[in-house]
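After this come two complexes, each holding chain A, first together with chain B and then together with chain C.
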Partner chain A sequence: MSCTVRIPSPLRSYTAGAVTVAADGATVAEVLASLERHYAGIRFRMVDEQSRIRPHIRLYVNMEEVKDLSRPVGSRDTVHVICALSGG
Partner chain B sequence: MTSTLWIGTRKGAFLLRPGARGRGWKLSGPQFLGHIVHHIVQDPREPKVLVMAAKTGHLGPTVFRSADRGRTWREAVQPPAFRKAGDAEEARAVQKVFWLTPGHSSERGTWYAGSSPAGLFRSEDGGERWQPVGGFNDHPQRPQWAAAATPDGDLLHSINVDPRDPRHLYLAISPGGVFESTDGGAGWAPLNEGCAADFLPDPNAPYGHDPHCVVVHPSAPDRLYQQNHCGIYRLDRPERRWQRIGDAMPRKVGDIGFPIVLHPRDPLTAWVHPMDGQTVWPRTSIAGRPAVYRTSDGGRSWRRLDRGLPPSQAWLTVLRQAMCSDGRAPRLGLYFGTTGGEVWAGANGGESWRCIARHLPEIYSVTCAA
Partner chain C sequence: MTLSAAELSRYHRHIALPEIGRDGQERLKRAQVLVVGAGGLGSPAALYLAAAGVGTLGLVDCDRVELSNLQRQVLFDSAAVGQLKTEAARERLLALNPEITVVAHTLTLRAENVLETLRDYDVILDGTDRLTTRYVVNDACVLLRKPLVSAAIHRFEGHAMTYLPGRGPCYRCLFPAAEEGAVANCAQAGVLGVLPGVLGAIQATEAVKILTGIGEPIVGRLLTYDALELRFLELPVTRRADCAVCGEHPTITAPQEEEALCDSVVHSQVRRIDATALRDLLAAERARASLELIDVREPREFDTAHLPGARNIPLADLERRLRDLTRERTPVFICRSGRRSLVACTLAVLGGIAAPAHLEGGLLAWAAQVDAGFEVAAG
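Coming up: the complex of A and B.
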């Protein structure tokens, strides 16, 4: 099952500048694994070694924020990766 | 002074090279603009190789490696990371890779990295793949050793490899103390006797100290120097008790600071950059008058070196990785970078100083490359 992933600017060095990419997977965890297969290193910048979403990263499936990486993803869904940071 | 200087900053990496015919310095970069670069270290075994510890505000920590003296960089295939925690275990994650040390000269491609929270990692392939050093990271006493984090997190730094023995290692945790391994990192023991820890309830605690920078002398590796949160120290092994050589500093200056730099061959000579550690710890130049101090007798006496530095109203802060020497004795060049984005060069072992770069972002590290 293939979905669309929207890549934020800090991670586009991994996708050769692509803003949206296709990824496979029936859950967010599988989508992230699919991204890692295509863009080596990208997952660890978003998710730590304990499989927790990093503090300044937010993941959404369509309009819904993801707290659990086992959240299902459908073929018409878009996974948004959001970078959230403030200050200088 | 002909070395190249790598400058790690809060907003990227910069390079300073001597200008044509030794005139001035040429700044290039930034590389990795916007990345938080804590350390850039050249491999003395393969001088074309550099390793850089980096992250960004949003993204997790990683390591980059160059095999062409910094012209191009490639991200580590497997950056430093703790092992996956078991159900009842503390689930630690590397927040930043803070420190890099090349391994022993006989172990080509071996590197060590220190992280926050305090973790030790080892690569055996030139920085491509990093493994946690379980002997330290999973040591049953590690949670007590690194119990008190600073606002910036507890930091593992000052990884030193005995040039005579690749299995003999030292490291430091801020706060936590100095620790030693004689079996390649499988076992560790505290090494803090004699160091003050005036912030701890037990003045004779075996650990919990705050070493800011610890260096093993490269040509006399039984001699260690330490700039601590509570003074400057020297240790001559096999002794286990540090001697407070900072007591010989002028009382108005004190012996608090972050970096300590050693002469490449003379084990009696070292340089420090004192900072204000009174009351609320401003950590700036004492009285707004920056100076480097040098000992040439193992810490029995210190000489102020401030020619060329601002004489007043200069409130500099120099972090622990932000001072180095070019190792080119006898006319050794010293360098330091400030959190205000200036780089200063001290000719002839710091006898006279001049500013060689300004307007850079907050400087975290200054390292020399041949």
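Coming up: the complex of A and C.
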């Protein structure tokens, strides 16, 4: 099952600048694993060694915040990755 | 506080709006707004707030205007290069609207001065380029119960959210912590010049709405803007019961020192070397052999002058080139002010390098304390 992931500006260096990418997976955890297969290193920027979402990252499926990576993802869903920005 | 004939004329288009009217304009005149950071965001925000007739406008910034600021910081013109931003901004804002008062706070907000600086203001706008300052300002706003309009930018993307005391989530509910370095800033990543124009204008809009009591502020909603796709998104943000500052059992009851707010795990691994200590290390042959000097400035800056033996790996390339670094020697990251080098250390730690070092205060400190003849290129 393939969903759409919106990549935040600070992580677009991993996706060759792509704003949205397709990823496979029935859960958020699987979607992140799919991203990692295509864009090595990107997963660790979003979750830590214990698979906890990093404190400067927020994940949403559509408009709903993801607290648990087992959250199901459907093929029409969009996963939004939000990263704290520091520029002013 | 009544409006003079000149003010009635100046603010006519506001007064013509029934939602604002004379009463709203008088509220603006009585209001005191603090803009933290006279940069890309602070520039349009301060200009619009001055034009709108906010009676007292405070500006916090400790930097001087640099040529590279002018691509987006529309408060300043070429003649202002080299001047203190707060001074140049005051001149510009008073030229735009002599009816208002502009207060220059030429300082960096820290735990020890933030409460005192914010105390007299009604609304705070945060447009700083330092994450640690964002947390200091947020925590102070929560503790002082002040509305805070936050915005931040990166390359082509921007965020904005408003915090109203007692009503919604704060910045720390949005991002409980953020390590400086895991989040690149504009100096390294670049930024579309007009991007902060959009976000800074949103901040000014929020301030005017809060002060006049109209509309619905972006409370509990993170507004994201992508300039490339020209797309705005709104994502819900809820207050965290376990938020360290606005939660049910807050652990932050006074502003914290910024070091404590950085990601302590990363920062505890970073070795800070001041300019004179680095000089001594470089003079000792064995110590010198254990260090690898990595200058993370842009090639143009590196070419102007660099420390003998230093390699140039611009910060933007560092993550990709971390594997080029030998693990036998300790990398000592060097930049102009010590800011980019600290980011480099964080990237190195996240990349698996155990104990990187950086030159605290950067080459500016080197020129001040060790070698007055060392020419430090403008950033």
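Basically, the second predicted complex is superposed on the first by the 84 of 88 C-alpha atoms of A that agree within 3 Å, B and C clash if a C-alpha of one lies under 4 Å from a C-alpha of the other, contacts with A are read in each partner's own complex, and residues count from 1 in each chain.
Quick note on the criterion: contacts are C-beta pairs under 8 Å (C-beta built on N, C-alpha and C of every residue); 3 or more make two chains touch, one makes a residue touch a chain.
Here the structure is a predicted model, which means the values were calculated and not measured.
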Superposed partners chain B and chain C on chain A - clash or fit: clash
Partner chain(s) touched by A:P72 [first = chain B, second = chain C, both, neither]: neither
Which superposed partner A:R58 touches (first chain B, second chain C, both, neither): second
Which of chain B and chain C A:A84 touches, first, second, both or neither: both
Which superposed partner A:L11 touches (first chain B, second chain C, both, neither): first
First (chain B), second (chain C), both or neither touched by A:M46: first
Contacts of A:V19 with chain B and chain C, given as first, second, both or neither: second
Doubly contacted chain A residues - partners chain C and chain B: 8, 10, 44-45, 54, 56, 83-85
Contact set on chain C toward chain A in their complex: 37, 39-42, 126-131, 134, 151-159, 174-180, 182-186, 189, 191, 196, 222, 224, 226, 228-229, 233, 235-238, 319, 350
Interfacial residue positions of chain B with respect to chain A in the complex: 56-60, 62, 75-77, 79, 81-85, 91-94
Touching residues (chain side chain A, partner chain B) in the complex: 8, 10-11, 40-41, 44-52, 54, 56-57, 83-85
Residues of chain A touching chain C in the complex: 8-10, 12-13, 19, 44-45, 54-56, 58, 60, 63-65, 80, 82-88
